[in-house]
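Both complexes below contain chain A, partnered by chain B and then by chain C.
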Partner chain A sequence: MARIDLDLAHSYLPDPQQDSDYALLPLQMSFADGGAYALLGPSGCGKTTLLNLISGLVRPSRGAVRFDGADVTARSPQQRNIAQVFQFPVVYDTMTVADNLAFPLRNRGLPPERIKARVGRIAEMLELSGQLHQRAANLAADAKQKISLGRGLVREDVSAVLFDEPLTVIDPHLKWQLRRKLKQIHHELKLTLIYVTHDQVEALTFADQVVVMTRGRAVQIGTAAELFERPQHMFVGHFIGSPGMNFLPARWREGAVEVAGRRLPVAPALVGTLSAAGEFTLGVRPEHVTLADASAEGALVAEVTQVLDIGTYWLLTARAGEALVRARLSPASAIPQVGEQVGLEVLGPHTCFYGRDQQLIAAGSEPQALRASA
Partner chain B sequence: MKPINQKAWWLVLPVVICVAFSAVLPLMTVVNYSVQDIISPERRVFVGTEWFAAVMRDEELHAALWRQLTFSLAVLAVEIPLGIALALSMPARGWQASLVLVLVALSLLIPWNVVGTIWQIYGRADIGLLGAALAWLGVDYSYTGDATDAWITVLAMDVWHWTPLVALLCYAGLRSIPDAYYQAARIDGASRFAVFRYIQLPKLRGVLMIAVLLRFMDSFMIYTEPFVLTGGGPGNATTFLSQYLTQKAVGQFDLGPAAAFSLIYFLIILLLCFILYNWMQRVGTADREGAGHE
Partner chain C sequence: MQLTLEGVAKRVGAATHLYPLDFALQPRAVTVLLGATQAGKTTLMRLMAGLDAPSQGRVRVDGEDVTGRSVRERNVAMVYQQFINYPSLRVADNIASPLKLRGDLDRAAIDRRVRELAAKLHIETFLDRLPAELSGGQQQRVALARALAKQAPLMLLDEPLVNLDYKLREELREELSALFAGGDSTVVYATTEPTEALLLGGYTAVLDAGELLQYGPTAEVFRRPRSIRVARAFSDPPINLWQGRVAESGIQLAGDARLAVSLPANATPAAAAEAGVTVGVRASALRVRPRPGDVALAGRVELAEISGSDTFVHVAAAVGPLVAQLTGVHYFKLGAAITLYLDPAQIHVFDARGDLLVAPQRSGAR
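Right, the complex of A and B next:
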């Protein structure tokens, strides 16, 4: 086990010129020993590249990878002692399940009795004990992926275990089970786990710390609550949550925030930052938009364009000027009809403000504290 | 009960007619010959299984059959490992891959009789590169005089001609293995040999089965190359089954025995391929069935 420090950039091209040539823009990141991390982002955002850089399957074109302070950039995956589980199950077809699990240990020359004990323990954790003597080739996809997971977890001394969307091929009801299993294993074995996924639910439930990535950039590292409450970048607000954050173009005018033709008063603590910014974007999650009277002061006037029943809540879409605003409403509240004029309150302790570079500049009522932590 | 629609037979009919004219009717002619003694176009006598019995007792035929089996097994023993080794050493991508593919496939484009002619000249001690080089090295080599030399030359010719086929099949098989397998092997700390033994070889099973069957059937019917090179000699050293058959049918006009033998030949190939196919299938599925009953 090890603490992993990255300070690197990577391009698959021999001579990168501009930002878009990079699979991974220059970044600095640390993974603490024994932590459970998730790399979250859409396809092609560089998360798999980042994972392969950590494991040593790919060498960074610039910078270094350090394990416990030692530079391992030039070392192979074996030398780094990394375990990695891939998106699609990789099993050695001609071997039994037990031989598959023992393979990484045998290659490292462990004594047979220790291999046996370790394989038995991992098989038990993953509920593979009953199938140990079957041939791996004949199992279903989820059992095969469990073998892949098992081969990743079987070595006790690994620096870290990396997962590259390992639950893609698994049935939804088994996904929950396996994710819980992984979390439990993390508690038992105290391994450093890094988990790549494009599924926010998966990332937020699995990891202590989630790294949100887009276009080769890591835009925020934080806990599930931090990512939800205070997205540091508009992409995080947009990507996390279902549906994502509402973004409304806004500007500072005559001591108040002007949004969609309405001037809204804000907390005194925000005045300095917002008046200095001039033009900015207001972000508010659908969960935090509340209905008000259309004539109420401090509320946007909007026309309801769509109302959807999503089972546990109603999703209301309304047009305020040019912008669309979504709101999650509890089924208990009175649901307006399509075409009705409603008032929407978008300012509150959860509201965030973003500057021209899409970075968070202020939020809620305590902007100074938040800016310091960013 | 399911309704039965007999109209579907009409859809099969064109194929049935084609196969009847291309395969079944010629085969029946052979069957016809094999049970009759044809003395002249007007006079023929039904002889029953007499030709079959005669052919089965034919010492020369037994010798040719053993020669043939040894040859085919030698072909497999050399071409399959060599083909795999060749495929493993071929570049995976880039212009080098295209170039190597074309070079490897070249020998497959050459007709059988030309291959025979090439090697006939190549092996001559006076003007052939191989023959002259061997003579210069002091090796007493002559495919026309020495039975072993002739046999080895025919084998070398077949290896030269057909190993690329095995190599190309294996190459295609190797390229279809996802990268994740190699990455996983690196992560698991597998040696180069372990990668071959546990990833590449198992994944090649399908194409290897095709390669073994193709090469076995093909080499079992070898005719043109030894015919051009040695005419079956010296002695009977390179008289393989089809050569022997041709001598019977065309050389001596013993149509009855030749036809009877053709049928036996056909059955031998069918039987051997059946056994080979089942055996290779079994290698892959034996444990599967075992696992299913646990």
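Right, the complex of A and C next:
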């Protein structure tokens, strides 16, 4: 196991000129020994490039990769001692499950008794014990992917285990089990795990630290809670959460925030930043929008355009001025009808404010009473 | 268009891919085929399209028997998981191809229709490019636009969003719902994801291991799953299932929890009562804050997963292992004691055969 430090940039072009020529813009990042990380972002964001730079499949056009302080930039994946699990199962059909799992250990020349013990343990963790002596060929796709996962995790001496969208081919119910298994295995084996995915649920539930990427840039690194509650960049607000954060154009006017024609008073602590910014964007998650009376002070007036029953909650869409606002409502609350006028409270401890460069400038405001002399 | 399957089954060699089923699709609405991989979704779609012939039974379109008729003789549009386009044709010509085949439209009309569809699917700026020059999401939009251009009375989509990014899926799904709602086609949409079925609304058919288990309005199937099998297939996270015993004025669960529910007298013969019942509780029905009338369930936190919009808490409880879905971010220490609360009116009860006895009461909707 190793601590991994990156200080690099990568372009697939010979002579990159501008930001868009880079698959990965200059970046400094560290992965702690024994940590569970996820690289999350849409296709083309650079996450797979980043993974390939760590494994050694791709050599950075600039900078260096260090494992425990040693420069490994020029080393191959084998020399770096990296285990990898891919999107589709990579198994030897003619071998038994046990032999498949033992393969990476035999290659390293481990003594048979050590191999047997380790294979047994991994098989047990992945609930493959009953199938150890079956041929891999006859197994279903999900069982094969379990073997792939097992092969990635079987060696104790790897620097890190890298996963590239490993649960894509797995059905939703089994995903739940496997995610849980991976987490347990991480707790027990303390391997450094780096997991690439476009699926926020997988990333957030698997990793201790999630790196959110877009257009070759890591825009935020944080825990699931940090990314959800304090997105540092509007992209994170949009990408994390389902549906993503609501964004409303806003400006400072006469001592309050003006949104969709309504003036909303904010906490004194925010006045300085917001008045200096002048124009900005208010971000609030659908989970944090609450319904109020259409006449309520400090609430936006909006017309309900859609109400969807998602089974476990209601998803309401309403138009406030030019902007569409979504709210996730508990099935126990009274649900308004399409066409109805409602009040929407958008200020609260989780409300975020973003400047012109889409970066967070302020956050958190309890609803305030309008001051008479504002 | 009314598509009806009568006693349709599909066997390949000794294997049964689809057991005999009767299925009358809701005309001009979306029907979601929900089921795990190998549940029979694709097999069923291929029979509907005429790509395969059933081993037995009849397929009828508006009452007319079309069982032996091939896909070419039927008016069907299909979209697959893989993004399938004509690689050598520009995006505009890809979308225009079904319109040209019709032969009754002049060039200007075709052009107008192509632009209209491209605008709806946000690919209007790529009309002159080749499919290979587009991202996966854009390629699938082209395939969808071409399918929509056909204006076929039957449109079949086999997990069309599965190869796309999570966020892109969210976006495109929403657009598709709007497009389906505005169209005249009977739409069939296969997915493995319960949430996708709920977001698409319409009607849902639950398939499992080659059997059609239930068909009805999506919200109704979700709320009143006919059996444990349907409830499991139509839940994500998996529905919590606990064994219980019918006791005086309710159900007795392990660990001294008692749920006050009235079981329908006719549905609980003494034998069933003795054989025991299964209580099904959706993860979202469990809360950390009590309300009057709730039952308290004590346990220990095994794992807490924050997915962003929700926190999933896995608990070893006296009633059995359970998962609770809590909105937003919640912090739990692994191994800590936890009490979850449940409104007894929100449970499902299944008899010993696994058939539904009691469904949750509706709340919220006016």
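Just so it is clear, the second predicted complex is superposed on the first by the 364 of 374 C-alpha atoms of A that agree within 3 Å, B and C clash if a C-alpha of one lies under 4 Å from a C-alpha of the other, contacts with A are read in each partner's own complex, and residues count from 1 in each chain.
The rule is simple: contacts are C-beta pairs under 8 Å (C-beta built on N, C-alpha and C of every residue); 3 or more make two chains touch, one makes a residue touch a chain.
Keep in mind it's a predicted model, so treat the numbers as computed, not measured.
J.: Answer with first, second, both or neither: which of chain B and chain C does A:H233 touch in the superposed model?
T.: Neither partner.
J.: After superposition on the shared chain, which partner residues are touched by A:P172: those of chain B (first), chain C (second), both, or neither?
T.: In the superposition, A:P172 contacts chain C only.
J.: Specify the partner with more touching residues on chain A, choosing between chain B and chain C.
T.: Ranking chain B and chain C by residues of chain A touched puts C first.
J.: Counting only touches as set out at the top, which of chain B and chain C does A:R217 meet: first, second, both, neither?
T.: Touch partners of A:R217: none, neither chain B nor chain C.
J.: So in the superposed three-chain picture, is A:D199 touching just chain B, just chain C, both, or none of them (first/second/both/neither)?
T.: Touch status of A:D199: second partner only.
J.: Quick one: classify A:K146 as touching chain B (first), chain C (second), both or neither.
T.: neither
J.: Determine, under the contact definition given at the top, whether A:H186 touches first (chain B), second (chain C), both, or neither.
T.: Touch partners of A:H186: none, neither chain B nor chain C.
J.: With the two structures laid over each other on chain A, which partner does A:S55 touch: chain B (first), chain C (second), both, or neither?
T.: first
J.: Within their complex, state which residues of chain B touch chain A.
T.: Residue list for chain B touching chain A: 178, 180-181, 183-184, 186-191, 194, 198-199, 202-203, 287-288, 291-292, 294.
J.: Mind listing the chain A positions that touch chain C in their complex?
T.: 42-44, 140-142, 171-173, 176, 179-180, 183, 198-201, 204-205, 223-225, 227-229, 238-244, 285-288, 308-314, 328-335, 337
J.: For a test of understanding, state which residues of chain A touch chain B in their complex under the given definition.
T.: Listed in rising order, the residues are 55, 57, 76-78, 82-84, 86-88, 90, 92-95, 103-104, 107-108, 133-135, 137-138, 148, 151-152.
J.: Chain A touches which residues of chain C in the complex?
T.: Residues 36-38, 135-137, 165-168, 170, 192-195, 198-199, 201, 219, 222-223, 232, 236-238, 282-284, 303, 305-309, 312, 314, 325, 327-329, 331, 363-366.
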